[in-house]
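Just below is one structure, and these are the notes that go with it.
Order as written gives the chain letters A, B, C, D and E; numbering starts at 1 within each chain.
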Amino acid sequence: MFEPIKVSMESLNLITLAPMLIAIAGGLVILILDLINSKLHKSLYVMLTILILIVDFGATIGLNVNERGFFNVMLIDGISIISQLLIIVASILFTPLALTSKRFHEYSYPEFFALFLFMVAGFQFMVASDNLILIFVGLETASLSLYTLIALHNRSNSYEAAVKYFTMGALAAGFFAMGSAVVYALTGSIELYQVAQVLAARLHETEIVLAILGSSVLLMVALAFKLSLFPFHTWAPDVYEGASAPLAGYMSIVPKIATLVVAVRVFGMYIDLGVEWVRDMVLILTVITMTIANLMALVQEDVKRMLAYSSISHAGFIMAAIALDTTEGTASIFLYYALFMFTNLGAFAMLWISRHKVRHFSARFDHPYEKFAGLIHIMPMGAVIMALFMLSLAGVPPFSVFWGKIYVMQAAVNAGYVWLAIVMGLNSAVAAYYYLKLVVYMFLKEPVKDVDTVYYNLSKPLMAVIGLATVATVTAIFYVQPLISYLYYMISASGY
Amino acid sequence: MYEMIAFYLFSALTIVLFLITVMSKNVLYAMTSLASGMVLISGFFFILGADFLGVVQLIVYVGAVMALYSFAMMFFDATRDIKEKNTPASLIFLLGGLSALVLVLMFAAPIHSEAIQALYPIHDGAGNAQDVGIVLFTKYLVPFEVAAVMLLVAMIAGIILAGKKMDQSLTKDTSVDAEDEILIQKDAK
Amino acid sequence: MENLVYIALFAPLVSSLFAALFGMSPKKQFVGVVASVLLGISLVASLMLASYVYTTGNTIHVTMMDWISAGDLHIPFGFVVDQVSVTMMSVVTLVSTVVHIYSNGYMDHDKSFNRFFSYLSAFVFSMMVLVMSDNFAGLFIGWEGVGVCSWLLIGFWYHKEDVSREENPSISPSWAANEAFIMNRIADLGMLVGLFILYWNVGSLQYDEVFAALPHLSGSILNAAAIFLFIGAMGKSAQFPLHTWLTDAMEGPTPVSALIHAATMVTAGVFLVIRANPLFSMTPDVSYFIAALGTFVAFFAASMALVNRDLKRIIAFSTLSQLGYMFAAAGLGAYWIALFHLAAHAFFKALLFLGAGNVMHAMHDELDIFKMGGLKKTMKWTYIYMGLASLALAGIPFFAGYFSKDAIIETAWNEGTLVLWLILVVTAGMTAFYSFRQVFLTFEGDERYKQYGIHPHEMYKYVLIAMSPLAILAVIAGFFKEPFEHFVTALLPEYHMSEHTHHIAWLLGIVVLVFAVGGIALAFKKYYKGLKRDEALESSWYYKLLANQYYIPDFYEEFISKPYAMISEKMWNSVDMRIVDATVDGIAKFLYETGDGSRKMQTGNLSNYLNWMAVGAVLLLVVAAVSAAVIG
Amino acid sequence: MIGLSHYLIVSAILFSIGLMGVLRRRNLLMLFFATEVMLNAVNIAFAAISHFYHDLTGQMFAFFIIAIAASEVAVGLGILIVLFKKHGSLDLDDLASMRG
Amino acid sequence: MDNILSVLVFFPAIAGLLGFVVDKKSARAYGITVAAIEFLLSLWLWFSFDTSNAGMQFVEMIPLIPDFGVNYYLGVDGISLFIIIMATLMTLIGMMSMSIEKDVKNMIITLLFLEMTMVGVFVALDAIIFYLFWELSLVPMLYIVGAWGGPLRVYAAIKFFLYTFMGSLVMLVGMLFVAYVYHNLTGVWSFAITDWYALVLPVNYQLWLFAAFFLGFAIKVPMFPFHTWLPYAHGQAPTIGSVILAAVLLKMGTYGFVRFSLPMFPDASVMMITPIAVISIVMIIYTAMVAYAQKDMKQVIAYSSVSHMGIIMLGIFALNSEGIGGSVFQMLSHGIVSGALFMLVGVIYDRRHTKLMSEFGGLASVMPKYAVIFGIMLMASVGLPLTIGFVGEFLVLLGFYDVSPIMTILAGTSIIVGAVYMLSLYKKSFFGPITKEENKTLKDLTPKESWSLIPLVAIVIWLGVYPKPVLDPINKSVNAMLVFMDEKAITAEAKEMIKVPHAATKTGEVK
């Protein structure tokens, strides 16, 4: 009884789908290759993955700003492009870390790379839509892949990590679904641009204030879990510890970028509508998060766990920018992550190359501080690079994270939140302590044990990644300008 | 009228069944009640005119998911009573109660607005499956395909995680390193 | 003439630097000779300048270079040679030259011979800067410079150990040096403040500009400036209550005591008052206070000298007492008389000290006059010199002291300050007594030193010859009073006795003379035949009070030094470490412990994690509900 | 007459029951059951809203939630299997080697 | 050479990088050569400096992040010129006298990087660049204290780093706020200090911003009660570390006040005169007393630094040409004198491995040269005329007298209490008999030590006798600053307190 539906190819704007399709197709190619010949070496898959990601990158960067595609499900605005680019760059940096000199379980699976590419596609979908369904499905695709990748490291800690992450993720998914249901109930739509319109009309209805606030809370719980905001952060240290170092580094960046994009879209909408309560909620959560995580990081005995807490703190730090709801604030998020990415991945890569299969230094930890004691005497170059990363994370100029930090703080000041900037500053000072602790161990202490080389896992590709990260960290001052102007252009173009 | 009876009946039953799922010490009871509850939920879907959804609910949940769970239950040998050191009941009821209270307060409000126009309206004359089909394969084709990828991921994940290859871990085995690899950078010093 | 100014000024500096070159080498006789010659050159230059100024009445003003200029402040290195400064230059260089020559003999066994000359010449240079400067800042340079040299020279025998106050009232040379320096610094602060007051009100520190501007200033400012400048003078000239360092300064080698702590440096305070006479003449209240304090110190110091047993300390107290006389004169407005007494005092006091040095040299550094006696046999010339000097000091007619000191006493009468007059007269008697007590106990009577196994010997000839100019001047200086008055009053305000005073001057002179002779007679009676100790007297409270310097050093020790040390200790231990630093560490510790505490939420148990998540969610929901209720 | 609120309240109650289950359970398998309860509760809400707004979006969402739930089960059980092989237990309390 | 400032900043850093290649045994010679070249370059800067110009010279400006207003913007005026020269000089002298045996190469490289940051702070005219060097200077210092220090070195190093870091982050927020205000008013982003000078801020903004900058600078100075990191840092640092720390790093704080706080917030500065003067007086007297209570020679000098920094602070807030000029001069003098004193303590530490005064006594007998140089430095430290220490202290007290006579008298007690602890130190260590057997055979200064100390002695006396070549350019820039502050001040009170010297008004020296 229905008329045939006529849809023109132009109106579908399929190009908006191209980046994700490339990643998915790449994943399928890897699976098929494995079916054809199961003896192929992992280096092939690594390079293939990188190539696919490069093509993906090319496809993404070629997208036009502010296009919608496929019945308005796809949304290619400025932040979707830049976040996709960041995701792809981080993934490209991550991939070569598979080429360690020692063998680790997950890389023996070609499926690892396929799952990885599906995960990237999932994140890309997540950021490239304002439809809660697609966001949810993308999120779950990525998350399910991620759980698997964690578990594939194949040792007791990684199962534990996967289970914790998975279970809490399932609960968060419940909250996301419920939040979407409330939004849907309020507006009859789950596409944020429609939601915003309807909500704007309904804001005056006092009876449904609770529902509006409640919807934001439920969505917040789900996103805060992903962003590891207090008190939804509890999984993060354990999962980082259980996962392999590169994956932990990856987790501290890519899922957060993707979730931040969603958060910008969702909470930006609420704040734009004038629901100040949401802004307050975000501010309170972020301030608590950066502070508590910092304090807990102070007392860690393991570098990786410390970095986990530090990542939580950084996430809180940057999430605060959402509450500002200014173009600068939003730009600062991406600037920060663009700069933080290299440093943090570099730091985790440094941990990765120092990873032993047997724990020489501590019964529980892979990377206790003692392991790095006196590193300056053993491997001066390694110590210096690690120290650079630590100083950068601590926000010492002129290293990369500093520029992100002042840009965020400037955004806070500009938006009238001077107190927030001061809190950020003081938190950075506290944070400096635990980063310094590692520097102190490396430079100021004598080696504890005379075990074989600390950088047990070193290989040329890893050196290349670390070298790249180092260069990016040190020379940030020279590329911040183009980065800022690009980000600012993209974000203001998409109206945030 | 029928709708009302059905609603209250289904509501009461699902609440009880899910309570059993949550409270029971026995996996078998919990799972059975979960399955029954899901069947009743599909009943809600039918009341609400979402026939296709009801069918999918029956097939996927009651059929596939519960089957998976039963296999898992057998694998884990979890037919015995479960001994759990549960979280203090007071905390659970406090949190559960509070959340229920706030959510109920939220939903008790006149959340429904007549002013809202349906974007993808249900056509009264047509079957639900047709309506769903048209929307799913136009507007929601992309999510649908992504869901396919997601299922593929789930499949691969299930296969490799449960596979034999996971039994032996290269991550912990230092003996495999010697034969490796082209990319070795020997002696980092 | 400018060259002469520079020669007079820099010859001592050259001497000092030359000696410093050999400062760490063993004794080199030529160092002493060269130093003495250079000082002689300075003396000659000074005398030539003096004669130039005397004959022409012109003053010489040279500006060498800029020193400090910041904002509106401009301080040059400028030197002025006028009647006052040339007098001081002549006195300083004369005494210095004698002391330099004397030191060649006195220090001949000291292994730090060269170093000594370096310090001594440096002192002379500083003193020359002090007296020659044409501005207050330059004066302050010299002021501090002599302070440092004094510190170096008092502590010359730095290697001596600290001993208890009972054993040696000055504890040790290094202790005495520090005491002198720090006490002077207290006064210097006053002086600095005086400078600041002048600068901010006048806009300059040049003498001529300041003095020219004084009439435009208000009385309170003038008073404040005068008071603070005088505080500075009190330190250098060891006026009560900053006097204790002077006697302790006797720890230095005796030539140092002669030059610095008798003839020159300690008179810098008097010099300052004389120099700044336009200021002090405009502040009669302050001047009167100066006179009163001077008088008090004259008596006060003399009283302590009465019972002291230490040869050098007696002379030191006497110096203090005479400084009191000078201040009395200056305070009463008789600036030229003060200056005259300053010069005369320099000669006979230096002589007295050098004589004491001879005795010390002979007695192997024994200073207790109770252990001496009968030295006249071996040390005839020294006896003569010291006798002459004591006569001059006692104010016996026609010796230098008679003219200068009597004039002061006369001034006190003339100003109608009879109380001051009376005290000064009594003090004159006491002065005569203690001077001759010392002379008799040292040179006459039984030879008590023998039981200590000391074999005294007379000083070298050339040393004795070198001392002779001082002896001659101690005798004859008084006769130059008239020309001197004429000379310096070209610059200083004239001071004339009133008609009435002039009329009874002879009577006043006789009164003083009676006291002086009475003092000598008493000393003769008690001590000429030898030492007879009077146990009853020595155990009396007043004797003890005097012998212990009115317990003032003990008072300072108990109520200033020790509390200062104690408070310092407290400040460090209790305040700095326990409060300030502990707060900082406490904050850090608090943060760390908060971290440790909040880490407990990471139990590792998934169920707890889920609980946290639910708690967070429910809490947010409840807050949302409450807020909604509030908003709605 | 049964309105939207009725359905939504049922959904809310079921959601809270699921939440209580998540909080209460220490056995991972049973915990997964509780998450299923939560998702199902949401499905009721979506279906009801869809019905009252005459809008298909809600059904779409519910449809995808079912798909997601199914995938989660697959992956979750996969992880549980490796965990069980390793630990021989599904009790959460045995699973706390990483803490602090 | 117009880009001499860039050369000055980056020459040591590049040399430091190349230094990794240099052989360990030649590292010291390499370092000294580089430092000497750098010093000569800084002297060249002085000779090509136009002393008649009160403004910024050798200005370099390259946009770095134009969208954000960050430029590579360098320049010197009379105020910073000599601090730069002092920094290069003290680095050179410090290296010459260095007695470290362990990891000399690392030390040299660290020092060269430190030199870059030090010079950078004083030439930066862009707040972000200033902040960059400011923070970066902590890192080499952390390493120096932490790696070559005493038993508590790690604690001391971290305390130093975190304390300063904390303060400067608050300052950073202040900078960002100024930039924000500037942007609001002009529509342009700029972090250039010279642009900021043109901002006339309302008084309440000034006060808050003053407070933010104050925290950053005051910790660095260090002002009471933020000073407790200093004794630890000095106590634990190796000699070279203490020398650089005391000579240059502390000056960054006071320089910051002169460069930022005064010209940017003239009204707030005037309002803060009394509180800051009170703190300064507490610093002067209290820390002098604490210094007197110390048992360790180095701690005495460390606390004396705090006391002297109090004088400098007081002079800055005299807000007249005498006071500020005196302060800037006192920065130089304190740099050289305390640097020398730390080197001197290092000399004895190298011989005896202890710094406790009770371990010594009578050193003047066995080490006469050492005692002489120590004595000269001591006299300079207590502010003896004709040494470098007097000029600054005199001008500061003179300048502040105009603000408050009573406070000046209280602050003036520094010449007394300073003498008390320094003389007591000298007496305890150098005077008296030699009580310890091991002190009897101590060697006097080696040629290496002498040759590093004698230039300092020469400077101490030269600038004490003839400070004009240094004081004039300083004075010129300070006068210009005062004229400018006076014009900019909003409140009548501030206009009255900021004293423009007649010299500046007469010649109409307006920037």
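Criterion: contacts are C-beta pairs under 8 Å (C-beta built on N, C-alpha and C of every residue); 3 or more make two chains touch, one makes a residue touch a chain.
Every value quoted in this text rests on a predicted model; they were computed, and no experiment measured them.
Enquirer: Keeping to the contact definition above, tell me which chains border both chain A and chain B.
Expert: Touching chain A as well as chain B, we find C, D.
Enquirer: Give the chains in contact with both chain C and chain D, ordered by label.
Expert: The shared contacts of chain C and chain D, listed by label, come to A, B.
Enquirer: So which chain ends up closest to the centre of the protein, judged by Cα positions averaged per chain?
Expert: E
Enquirer: Going by the contact definition above, tell me which chain pair has the most C-beta pairs touching.
Expert: By number of C-beta pairs in contact, the leading chain pair is B-D.
Enquirer: Just give me the whole-number Å value for how far the CA centre of chain C lies from that of chain E.
Expert: 36
Enquirer: State, to the nearest whole Å, the distance from the C-alpha centre of chain A to the C-alpha centre of chain E.
Expert: The computed centroid separation for chain A versus chain E comes out at 44 Å.
Enquirer: Whole-Å distance, chain B centre to chain D centre, using C-alpha means?
Expert: Once rounded, the distance between the two centres reads 5 Å.
Enquirer: So how far apart, in whole Å, are chain A and chain C when each is placed at the average of its C-alpha atoms?
Expert: So the centre of chain A lies 78 Å away from the centre of chain C.
Enquirer: Could you check chain C for residues that touch two or more other chains and list them?
Expert: Residues 599, 602, 604, 606-607, 610-611, 614-615, 617, 621, 624-625 of chain C touch two or more partner chains.
Enquirer: Quick check on chain D: which residues sit in contact with 2+ other chains?
Expert: Only 4, 8, 11, 15, 18-19, 22-23, 25-26, 32, 53, 55, 57, 60, 64, 67-68, 71-72, 75, 78-80, 82, 93, 95, 97-100 qualify.
Enquirer: Which residues belonging to chain A are in contact with no fewer than two other chains?
Expert: Each of 133, 137, 140, 144, 147-148, 151, 154, 163-164, 167, 171, 178, 185, 188-189, 207, 210, 214, 237-238, 299 in chain A touches at least two other chains.
Enquirer: Which two-chain combinations qualify as touching?
Expert: A-B, A-C, A-D, A-E, B-C, B-D, C-D, C-E
Enquirer: Which of the residues in chain B end up touching chain A in this complex?
Expert: Result: residues 102-103, 105-107, 109-113, 115-119, 123, 125-126, 130, 134, 138-143, 146-147, 149-150, 152-154, 156-157, 160-161, 165-166, 169-174, 176-177, 180-189 of chain B touch chain A.
Enquirer: Per the contact definition, I'd like the list of chain A residues that touch chain E in the complex.
Expert: Counting only chain A, the residues touching chain E are 376, 391, 394-398, 402-403, 406-407, 409-410, 413-414, 418, 421-422, 425-426, 428-429, 432-433, 436, 439-440, 443-445, 477-478, 480-481, 484-485, 488.
Enquirer: Within the complex, which stretch of chain A touches chain C?
Expert: 163-164, 167-168, 171-172, 175, 206-207, 209-210, 213-214, 216-218, 220-221, 224-225, 230-232, 234-235, 237-238, 277, 281, 292, 294-299, 430
Enquirer: Would you pull the chain E residues touching chain C in the complex into a rising list?
Expert: Residues 159, 162-163, 224-225, 227-229, 286, 289-290, 292-294, 320-322, 325-326, 329, 362, 364-365, 368-369, 372, 379, 382, 384-386, 390-391, 394-395, 397-399, 401-402, 405, 408-409, 412-413, 415-416, 419-420, 423-424, 427, 430-434, 465-468, 471-472, 474-475, 478-479, 499, 501-503 of chain E touch chain C in their complex.
Enquirer: Mind listing the chain A positions that touch chain B in their complex?
Expert: Against chain B, chain A makes touches at 1-2, 5, 7, 17, 24, 31, 41, 43, 70-71, 73-74, 99, 101-106, 108-109, 111, 114-115, 118-119, 121-122, 125, 131, 133-134, 137-138, 140-141, 144-145, 147-148, 151-155, 158, 178, 182, 185-189, 194, 198, 201-202, 205, 207-208, 210-211, 214, 244, 353, 357-358, 379, 453, 455-456, 458-461, 463.
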